[in-house]
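Same chain, two partners: chain A is paired with chain B first, then with chain C.
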Partner chain A sequence: MANPASKRLFKEYRGLSSDPPEGITAGPVTEDDMFLWEALIQGPEGTPFEGGIFPAELKFPKDYPLAPPTMRFTCEMWHPNVYQNGTVCISILHPPGDDPNHYEHASERWSPIQSVEKILISVMSMLAEPNDESPANVDAARMWRERRKEYERIVRGNVRKGLGL
Partner chain B sequence: MAEQTVNIPQTLVFVILFILALRWYFSRPTPGATPPTGTRGVAPTLNRGVRINPVQVETVAQMFPDANRRSIMWDLQRNGGNVTATVERLVEGRGLDTPPQSFQPPTLRTSNPTSRTAAPLPKPAHPDLITRYNLSSKIGTEPSSSLPQSDVPKKAWSADKNERQQMLQRRRDDMILAARRKLEEKEKAINSEVGS
Partner chain C sequence: MSKLHAVEDPTDWLNTSLSCFEPLEAALRCQVCKEFYDTPMITTCSHTFCSLCIRRCFNSDGKCPTCRTSDQADKLRRNWVVQELVDTFKAARPAALKLAQTKAGSEDDEAERPKRKRKLEDTDIEEDSFEDTRRPRRTRRSRSVAHGTSQEEPIELDDSGDGDYDPEEGTTLCPICKSRMKVGLVYAHLDLCDGKPVNNNGATRARTQPSKPKEPLPPAARLPQLNYSLLKDNALKKKLQDLGIAAHGSRALIIRRHTEWVNLWNSNCDSSRPRTKRELLRELDSWERSQGAGASTVPSAVMKKDFDGEGWAASNKDQFDELIANARRNRARKEAKTEEREEKPNEDQIDSMPTHQPEQAPSISTPVRHDEIPNPYEGNEKALSIVREKVDEANSHGRRLRSSGQPIPAPPRDEERPGSINEGPPLDEEVDANPPISSQQPSSQFVPISPNVDMSRKAHMFRLPEDPIIDTDGGTSVS
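The block that comes next holds the complex of A and B.
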C-alpha cells in the first residue's frame, strides 16, 4: 500500500463499499493487487439491458489517477460503444488531449478528479444511451440505428445468457 | 518531322523493361535467405505457431516500434518467416493485416504468465455469471435465508482484509442471484399471461 496509486484506489474501494451507488458493485479482485478490479453493473431500467448484470474488469495504470484505467466487459456485450473484445470506449476513459477527432470536450475526458464511481455511472448511462458518433462496434451501431428491434432482441438474449437462464 | 516525334509505344516498352530489370535486380539477393513461395507450401503446418521465430519478431518490432507485435507475428507466420517481406510491407506503408481473433502466438502467451487474463485478446465465449462464481448451489435458496438483509448495508466495510473480501464477494453474489430471481419471476409472469 506504499505508492499513491494504491492508496488512492484503496480509498475509492472503501468509498464504493461503504456507500455503493445503485446497481454497482466494484472492488479489487484481490487486495494484494489493487490495480485489477472487477465490477458488476446492473442494466439500467427502461432499456433492453434492464434486469441484466454485466461483469467487467478494470485495469489501472501505475500512475493512476493521472492516467485512466481501461475497462473491459467480460460478458457478451452488444453495444455501439463496446468493442467486440469487450473494451469500453467512452470519453471518460480517454486522457485529455488524446482525441485526434475532437469528438469530445476536454471536460468529458479523464482527469484525476474523476473516479471509479464516475466511470461506472457513466458506463451505466452509456448502456442506456449509446453514443452514435464514434462507434467502437460499427455493426452494433448500425443495427441500433436501423434495426432497433433486432438490437434489443440480441441485448435481451445476452441478459438472459449472462444470468444462466 | 514524323521521325523526330517520340515514339510512344517504344518508350512504353522501354520503361516496362527497365522496371522489370530493376525488380529482378533487387529481388536477386533475397532468394538466398528464404524463397517465400516455397516455404509457404512446404512449411510443417501441424503446429504453425511454433514456426514464429522470436528473434525475427524482435527485429521487425525494433525497426517499427509502432507496429503491433501480434500483427508482425501473424505476417511472419503467413509468409513463412520472411522478415524482408514483412519489412517491405511496412516500409511501403501497406501495413500489416490484423490477425484473426483466434490467432494466439505462443511467444505472447508465455511472455506474460502473471496476468490473470493473459493478453487483451477477445474471448470467444464467456461463461455465465452462475457458472463463473459457482452459484448454482445457491439458486434455489430464498433471499431471506441466505442473508439477513438488513445486515448488509450497515456493515459494508471492515478493518479486516479477509472479511472485506468476503463481504464484497457476498454483495456480488447477492446482486447476481437477485437479478436472476427477478428475471425468472418476470418471465414466469409473462408466460402465465400468455397461457391464460
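The block that comes next holds the complex of A and C.
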C-alpha cells in the first residue's frame, strides 16, 4: 500500500469503522481496492427522506485527497442536487474553481483536509436542505420550489420502495 | 477487517480509560495523510503539514489545504516543536494505551460514550477552531523536560548496560553534522549545532555508529521547481538524467515524475531523519507504479462520466441488512401515523400550529456545519449577536432565505456574507408537509438522525433554545 491515496483511504476506513457518525456507514467494497467504496446514509429526521436508507458508491481518484471522489446514489433519488443517474452534485465534491457557477464559497469546496466522513455528512444535510441555485435535476428543483407536496410524496414513495415496503 | 486494526488510529483510545487522548492524538496527525506528522512544516498562514504532503498540495493547487491561502513551497519552515510532540507522543503511546486499555470501561467513560455512534455535533472540527480549543498546550514543564539537560551539556548518548537496549532505536542523525543522538535531544542540539560532529567518547561512539555503512546522505540543497513550459522535451529529459531519475515516458509523465522527485527530495532535505538517495529512488518508483494508468490530475468531473453503476456490492452486507431491517420496521410503524396526518387538510395543520414552531423549525433551520466544534458560540458574544441579528431578520421577513452557500460563520470572517441572494418559498408552505415531530417523543424507536433536527433540538449552534431559529444563510450548499 505504497500509494499515499490508498494509505489515506485505509486510514479513513479505519476511523469510520471504529467511530462511525450516526446514520452513516461506509467502507471499501473490498479491502483489496481502496478506490471504490459503498456507503449508506440514513434519511434525516423531519424530512421526507426520514426513515429511508440510501445506498451510494464513492469512486476515488488515484491522487486522492488532492482531488475529490465522485459519489453516486445507487437507489432512486429524487432531489434537486442529484442527477438522474444518481450522481451527487454538492460543493464539497468540487475543488475551488471547478464550478462554472461560482455560487459556492471556496471554504466549502473540496480540499485535501476534507474526508469521506465530511462528504457523507454534507450529503445527509443536502437531503434535508436542497440548494436550488444550480440544480443537477432541474425538474426536481422546480417541483421542490413550486409543488413541495408533490416533491415530498415522490421522495416518500422512494423511501418506501427502497425499503421494499 | 483483519488488517484494519493493525493500523494505529486515534480511535484506539475510544472505550479506554483515556478516551480524551483521541483528540490529542488526532491533533498530532497531519490532516492530509492522517498519519503522525512526518517532518512537519509550517506555512506562512501558520498551518502545519508533513513536508511531503504540503509540497504535493502546493504542486496541485498552490494553496494551503486548510485555509486556502496561496503559498509556496519555498516559504515553508520546519516546525520543530510539532516534530518533538509527535516523537515523544509516539514513544509514550504503546505503554499509555496498554495502561488505558486495562482500565477500560470505567463508569465515567461509559457515561461519556453511551452510544456506539457519534452524534453528529461531535463530528470533526475544522483546524482553525481546533487550534483555538483543543490544541494540546505545551507547558513549561514539558519544555524543560525536553530541553533541560541538553541545553548546556554535551550530547550524551544512552550507554547504560540495559540488555535490550538497541543503540539505533530512538536515535536520529543531526541533519547538519550527522551525529547520531536521541530523538528528543536533536531539537535542542540543532540550535547549537555548528556542523562539527558532536564529540562523544569513544565507547559511546562505537556503539551508536550506524551498523551498516550508508551512502552519503543527500546534500541539503533543495531542488528548484522547473518552469516546464519553457523547457523543450530534450532539455527536460536532460534535467531528469542529470538528477539521476528515469527520463522515459510521455512528456506529461516526465513532468509528474520530476515534480514528485522534487517533492520527495526537498521534503527529505527538511527531514531530521533524511533517507538515502537510493531510498528516495525506490519511493519514487513505488509512487509511479501506484499512480497507474488512471493517475490523474484530471479533474474528477471527468470521472463522473465513467460511472458504470456496477460498484455496489455487498461486502458490508450484514451491517447494511440490519440497518435496512431496522428502518423497515420503524417505517412501517411510522407509516400509520404519517398517513393519518396526510389526510388532514393542510390549512388545519397550519392553523393548529403555534406561530412559533420550535419543533418545526429544526427541519428547516439549523445551519449544518458539521466540521464545527459543538459550541462555537459559547461565550462568543460577537458571534452570538450576529446570529441573533440573523434570526430576527429572518423572523421579520417571515421567510426562509435560501442558503447562499455559506454557513453561519463560526467566528465572523472579514468578508461580507452575501445577503438574501435567493428567497425561498414562504415559511409556512415549507413547513406544512412535514408531520409535526415532537421533541418530547421518546426515542426508544429507531430515529434516523438528522444533523439539523438533532442539533437544533439542543440549540447547539446558538444556545438560544427559546427563539425560533430560522436559517438565514446556513446549510451546506450544493452545486
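Assume the second predicted complex is superposed on the first by the 165 of 165 C-alpha atoms of A that agree within 3 Å, B and C clash if a C-alpha of one lies under 4 Å from a C-alpha of the other, contacts with A are read in each partner's own complex, and residues count from 1 in each chain.
Assume a contact is a pair of C-beta atoms (placed from the backbone, for glycine too) under 8 Å apart; a residue touches a chain by one contact, two chains touch by 3 or more.
A quick note: this is a predicted structure, and the numbers were derived from the prediction, not measured.
S.K.: Between chain B and chain C, pick out the one touching the greater number of residues of chain A.
M.R.: Higher number of touched chain A residues: C.
S.K.: Does chain B (first) or chain C (second) touch A:K161, or do both, or does neither?
M.R.: First partner only, chain B.
S.K.: Once the shared chain is lined up, is A:P95 touching chain B (first), chain C (second), both, or neither of them?
M.R.: A:P95 contacts chain C only, not chain B.
S.K.: On the A-aligned overlay, A:V138 touches which partner chain: chain B = first, chain C = second, or both, or neither?
M.R.: Neither partner.
S.K.: Applying the document's definition of touch, where does A:Q84 land relative to chain B and chain C: first, second, both, or neither?
M.R.: Touch partner of A:Q84: chain B, not chain C.
S.K.: Kindly classify A:E76 by the partners it touches after superposition: chain B alone (first), chain C alone (second), both, or neither?
M.R.: After superposing on A, A:E76 lies in contact with chain B but is clear of chain C.
S.K.: Kindly classify A:P130 by the partners it touches after superposition: chain B alone (first), chain C alone (second), both, or neither?
M.R.: Only chain C is touched by A:P130; chain B is not.
S.K.: Output the chain A positions appearing in both contact lists, the one against chain B and the one against chain C.
M.R.: 14, 17-20, 25, 27, 29-31, 36, 38, 40, 42, 51-53, 55, 57, 72, 74, 85-87, 159-160, 163-165.
S.K.: For chain B, which residues count as touching chain A in their complex?
M.R.: Of all residues in chain B, those touching chain A are 101, 116-117, 120-123, 126, 128-132, 136, 156-157, 161, 164-165, 167-168, 171-172, 175-176, 179-180, 182-184, 186-187.
S.K.: Show me the residue ranges of chain C that touch chain A in the complex, using the header's touch definition.
M.R.: 1, 3-5, 7, 9-12, 14, 31-35, 53, 56-57, 60-61, 63, 65-66, 68, 115-120, 122-124, 127, 283, 286-287, 289-292, 294-301, 303-304, 307, 309, 311-313, 315-316, 319-320, 323-324, 327-328, 330-332, 334-335, 338, 346, 362-364, 368, 370-371, 402-407, 421-422, 424-425, 429-430, 433-434, 437, 447-454, 471, 475-479
S.K.: Considering the complex alone, what residue numbers of chain A touch chain C?
M.R.: The contact residues of chain A facing chain C are 2-8, 10-15, 17-23, 25, 27-31, 36, 38, 40, 42-48, 50-53, 55, 57, 59, 61-63, 65-70, 72, 74, 80-81, 85-87, 89-96, 98-99, 101, 103-108, 111-113, 115, 117-118, 121-122, 124-126, 128-134, 136, 145, 148-149, 152, 156, 159-160, 163-165.
S.K.: Hey, which residues of chain A end up touching chain B in the complex?
M.R.: Answer in residue numbers: 14, 17-20, 25, 27, 29-31, 36, 38, 40, 42, 51-53, 55, 57, 72, 74-76, 84-87, 159-165.
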